[in-house]
């Protein structure tokens, strides 16, 4: 029963938030959901290191599940902190808690039912979160996710159904390639459909179309959850399915192909984006691609994917937190001089962007090294080529934004050489609220910690993969 | 831990200094001084702590090893012996001095102090890293703040000069990088640990090539002719603090590299290439001294004397004998003090009169006796007067040269004679003569006198009580020479 | 090579067909309401496949999954129609091509 | 080869045709009627496959409740002759590429699956067994499915909130 | 460190050093009186310490070493120490005494200077004295060299004391440069000895030097000789000394008598046991000494300037000392050193007093009527001149010079040759010594005799008395140093005694016979000595200046050619690589590539149409692709 603790905490948090929403002050719902997620994270954290088992007959309770739960809860908590749609939405906290619940469910899924339900719970909650501001871009983002999500869900279900038809069981364990299943065309088709369905949630090209729109139109918090938590738990589901051994070369080949395409197209389309959030949307596509090619190259380094997630999630959360602070859909010009005006925001955004770019001193660098080690040792030259080109492109556009953070003066003006009393430039951005500061600081510290001292993290994460 | 603080503190302090101007006037300056002072304490802690148990040699005073990403061969490995400790101490002191002498810099002063701190951090990283990946990283990192210092706060044609500095050193740094990665690639399992490389048994031919690559980087920083062309320009155009750090720290990193690695990693290569190093040093010391005699810009003059003195260091390092190596170590420290002080003085002069042209200066003796006295003291140091640490260094190098080759010793002695020409020329033009149009009315103030006194104390203390320095350097020299002993 | 019974194979083919028809509708239609209908049709495909597979294996799991599919369909309809109505106040929802402020 | 199986296939084929018609009708009411027809056909097929519970649920909830919601919505919008004409006009264009893609999706499935056909009959599954599964080992999933509904309802409620019109 | 009487050795240079630090580098502001007091105390206190030490030495315990501290460099131990032996005791007493006199004299002499200048003056003078004491008392080569080298530095600053005078600065640079050459030679020699001995103690160096092989021994000895020649302004390094008269007169007094110039002789005396193991170098020392003695004396005769005259006189007298050392009689040389220190400082101080009266001009003619104008100074000068010329029996100069001549005579046939040269030099010495004396006798109508201040007169009188008082002490001194006073045949001695009188006659002739005095004043060629300056100018200075001008691009060439070399090379290389791409296709390619990339991006972003239908299309496309691949893999 203890194994279900995090799920129960999330569910209770969601329920309490939902019930409190109509009458109680808005802060109460937030606290309820937040406490639920914090409790879930704490429970998941305390369970690290316990022997693996089953939380329920269809739900695993192993390190991977705990890691996914932790990541989903913490991302949810962070997103909750800066979820402030323009008309205050009382449903928000409950929805985030529900999304985190879906994530927790998905990360423990070893069976078709929780896989599907977890995924759809996340998707539906996200749709609801996307539309919270009720503005036209938000509604449009929700609508696109609804349509695409439905189609993706159908494809996933189709895959599950076909696998079920071929094997008669819904447990992943039953899909292990036995003597009867090897080369079974039904199973192969099932793998194809499954891949398409998960690729949609993972925002791999060409199933990625919703992602940049969602990042741009939706509230930053919702986009952050979509980019960080849901991506992480889907990655965990992919890890589990990869470990099962679905028919090859469809699974790995397809993943590599989609991954390479995502790296190239995602990075390419982000190249000169002016909007910070949209750039992050495309970059999230590219990062999905990186994770996909790691997965496709087999799991030689077990900590590679978890580490990538650990480095990626805080970077995205921090970047979108800053974006949320800058107003709806901030452009590159809005970032000018931010590092001087708001050092913490600018600094952590810098860290986040250089982590995403894969530069040293932050977690992204180590993650990139894992990526290259994985694909090089697997000899996946297509992926290597894509990753190299993608990283080069990425360096360009991430640094574009970073440089802008430090440019104080618009082009054409020059500061006097020795101003005796430099008038302080007017501060355009409001001060950060305390919780946002905490989120940013935590994310920045995590990025630095994973970048500067990755040893313990890598060690802890290496036991995750079954 | 204290060792890590020596690098991390200024590194993060730089970031803080970037933001500190928001806290109040001069906050960044006090912050920088405070951080460097704390780093000095950390140095003392590391120095006096118990010697590390897992160190691969007896000379190491402190050591830190974090496995960074063991699967990828990345680790954070710092080790400090007497030489590194002395150089780190010098770097911290010079850092504080740089802050003090730049008190009137107002343009982007947050970034300025960040650059100062980062320079200190990166050079400390160079002095302490025994993991060559980190060494190379810090080596390249050092260029960035210096580049900014010159290109933003410099004088004259500062941007072109900064670029020249950057191009020279970055291109030369490639030799180091290539060597490091080659060694890492040929190691039995991927690593950048210098101690592992030292025991790896690199084939002699490879050693020659690797040493050439390393030496390219080190000699450019040193700088030895003909790779010195960046130095006079960079010193001349840099702000005072930049010149101090360039002369006091950056040049020392090159010498440090030549001190530490050739003997440790490439003993066979050293035996092949040492004669060339000696020849280069002998040429450089005369060449730098002769060119110094002809300069009209005071800073350029001092810059060329740096070439001459660092070439003496090169001779000492390439000599491969105990005396010469000791001399090189002492001369490194001594030159850090004396050259920094001369740059400080000339910078202070420039701040007052707006020119460094020797033909326009003069008469300091009459108008500002403290200035003149300070010049005279460091002029004696540049001359290697007995009683200054510079004399100790040069005498030891010359002694060593007598053991290696008398011709080299003779050349070093000739450079001693030429030093009289340029030094008296400097004095004649600056402190003697009739007070000129560009004449100084304001004598040194406390903010300048303080650093001067510190530097003078260092120069004279180590000159009169050299044992303080020799005791510290001796184990490092022994360890550096041990692999060179032919069986 | 295992042999599946004809009814199952035919049902699976029909299921994929239903899925394809829904997908076709999704691509073809511009009205958002039609797209939601097409989405419902897409979901019936896997539903059929689950039920048929459950029938073949004599396993309640198939119908169980069918129930979940139904729940999903219901949820999507609820959310979709609400979205449709809301969006209708701001845009021409009969022509989804006009709902494209987010692009490029 | 069983009759029940054959019947199920026949019913499924009917459903496919009905659905195909549904997605091509310009009038939304017609389309909904065809959807209902398709759903009922499928329900018949479910009965034939021995999945009585599924069939019943299909009729009650899907064809009944869900389509009813659609009808309510349809009643709120104006679907006059011009709208229908416009829909018809759009239908005439732009169907080729989607059709080709659908064929490409279908082809592998049909040919890949057709290779495996053999004899066999459907096995009925009792609602009791189904219930035992759903509320036994799958209880967590069922709870989560309810959470899914809640999420959808929360979203719908928010969207439907009138006073917050922008 | 046990408490030994030799601990006092450390105290000898300390007061002077302290005075230097206080005056030269101390940040506090001092009044004129305070400056003078500190300066004078710094100079007098060493004497106060040194005299008891000398007495202690005389009492018999005269061989002690006071270690300072030890340095270890590898296997070698650098043990710094001060040493008291007869040589250092005698010379130390002399130096402290002379130093005290000269600096005391300066109080009056410099009274009119500005306070900062005065402060600088006293600081440097004290440092000068301290350096010499370090050198004299040194027990090891490092301290010896420290003193030796610091003297060079001080002499530079002191000669260039009149900082606004270009001539003074040039003279200072010249002095510093030439002595620095000597320093370099000495340093080389000392370091080589150190390498031989593995120690820097003089006690160890000399035996080690003797023990080494002949070539090396000869070389080291030659290097030491070179160092001494340079510092003592002997041929061919003598050119700096006459120019160095640009400094104030007390500076010259100290420089010539007891410190700097005499240091070379002291050095050779110190290393005499070692030099004696290198006969060739010994012979060279004697030859250089004799030649310089004669040359200096002849040149001095033709000088018009009293200070230049005294400068050449110093050159000549040190030549005598070197001659004695070369002949193997270093004790005699040191005795002459002591005597010379007394009379030379006396001469300078009294001449300075007289010339100051003549408003700073130092021409000999300015001394006209000095007897009447400044009787005390004149008489003191006469006493000094008598000693310099070696008036028999009563003056100390006679005893010491006679001993040198005797040593030469006794040194065999080669020695007789040198004796002849030295005799000629002795005659010339009397000539130039008495020429100013006779000039001073000429009567002019300057009725009012004046006497200088207390600080002027006390040292002058003391020194004048000393020139006579020391006369009977010369032989004991030689004995004290461990030598045997040489006694030649009586006839030779008489010849030596006659020499000064011959010189006096010639001097009188030159002064009072107008025809001769005219010729002397016209003999410009002889006056400027051997034109070795010109040779230096042509062989060293001009090529060096040319080299500097060439290397710094002042001759139209490239500045810093070697440094520019790699830049030019890189440019050449770049040009060579770039030429095939003359129109810069790489760059254009790059810009086209980047422009294409941007265009491609602009086109590519249209993929994201924003239409849900198209998104579904993409989805279907992806699904079809995957399924087709999947289907493809089912084929066998």
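Which chain is which? They are A, B, C, D and E, in the order written, and residues in each are numbered from 1.
Going forward, a contact is a pair of C-beta atoms (placed from the backbone, for glycine too) under 8 Å apart; a residue touches a chain by one contact, two chains touch by 3 or more.
In this text the structure is predicted, and so the values were computed from the model without any measurement.
Participant: Treat touching chains as neighbours and tell me the shortest step distance from chain B to chain D.
Facilitator: 2
Participant: Which neighbours do chain C and chain D have in common?
Facilitator: A chain counts here if it touches both chain C and chain D, which gives A, E.
Participant: Measuring centre to centre, with centres taken as mean CA positions, what chain is farthest from chain A?
Facilitator: With centres defined by C-alpha atoms, farthest from chain A sits E.
Participant: For this structure, which two chains have more C-beta pairs in contact than any other pair?
Facilitator: Chain pair with the maximum contact count: C-D.
Participant: Could you find the chain whose CA centre sits the greatest distance from that of chain D?
Facilitator: Using the mean of the C-alpha atoms as each chain's centre, the farthest one from chain D is E.
Participant: Measure off the straight-line distance from the CA centroid of chain A to the CA centroid of chain B, and report it in whole Å.
Facilitator: So the centroids are 48 Å from each other.
Participant: For chain A and chain D, what's the span in angstrom between their mean Cα positions?
Facilitator: Centres of chain A and chain D (C-alpha means) sit 31 Å apart.
Participant: Using mean CA coordinates as chain centres, what's the chain A-chain E distance in Å?
Facilitator: Chain centres of chain A and chain E, defined by C-alpha means, are spaced 80 Å apart.
Participant: Quick one: report the Å distance separating chain C from chain E, using the average Cα coordinate of each chain.
Facilitator: Measuring from centre to centre gives 105 Å for this pair.
Participant: Could you list which residues of chain E touch at least two other chains?
Facilitator: 605, 608, 610, 612, 616-617, 619-621, 623, 627, 630-631, 634
Participant: Which parts of chain C, given as residue numbers and ranges, touch two or more other chains?
Facilitator: 1-2, 4, 8, 12, 15-16, 19, 22-23, 26-30, 35, 47, 52, 54, 56-57, 59, 61-62, 64, 68, 72, 75-76, 79, 83, 86, 90, 96, 99-103
Participant: Residues of chain D touching 2+ other chains?
Facilitator: 97-98, 101-102, 105, 108-109, 112-113, 115-116, 138, 141, 145, 148, 151-152, 155, 159, 166 - these are the residues of chain D that touch more than one other chain.
Participant: Provide the full list of chain pairs in touch.
Facilitator: A-B, A-C, A-D, A-E, B-E, C-D, C-E, D-E
Participant: Spell out the residues on chain E that touch chain B in their complex, using ranges where they run on.
Facilitator: 24-25, 27, 69-76, 116, 120, 142, 145-146, 149-150, 153, 156-157, 160, 163-164, 166, 169, 172-173, 176-177, 180-181, 183-185, 187-188, 191-192, 194-195, 544, 547-549, 551-552, 554, 560, 562-567
Participant: What does chain D use to touch chain E in their complex?
Facilitator: 97-98, 101-102, 104-105, 107-109, 111-112, 115
Participant: If you look only at chain B, which of its residues touch chain A in the complex?
Facilitator: Listed in rising order, the residues are 15, 18-19, 22, 66-72, 106-108, 137.
Participant: Per the contact definition, I'd like the list of chain C residues that touch chain A in the complex.
Facilitator: It comes out as residues 1-2, 4, 8, 12, 15-16, 19, 22-23, 26, 32, 35, 39, 42-43, 45-47, 49-50, 52-54, 56-57, 59, 61-62, 64-65, 68-69, 72, 75-76, 79-80, 83, 86-87, 90-91, 96, 99-103.
Participant: In the complex formed with chain B, which residues of chain A make contact?
Facilitator: 301, 343, 347, 360, 366, 369, 373, 415, 417-420, 422, 424, 453-455, 458
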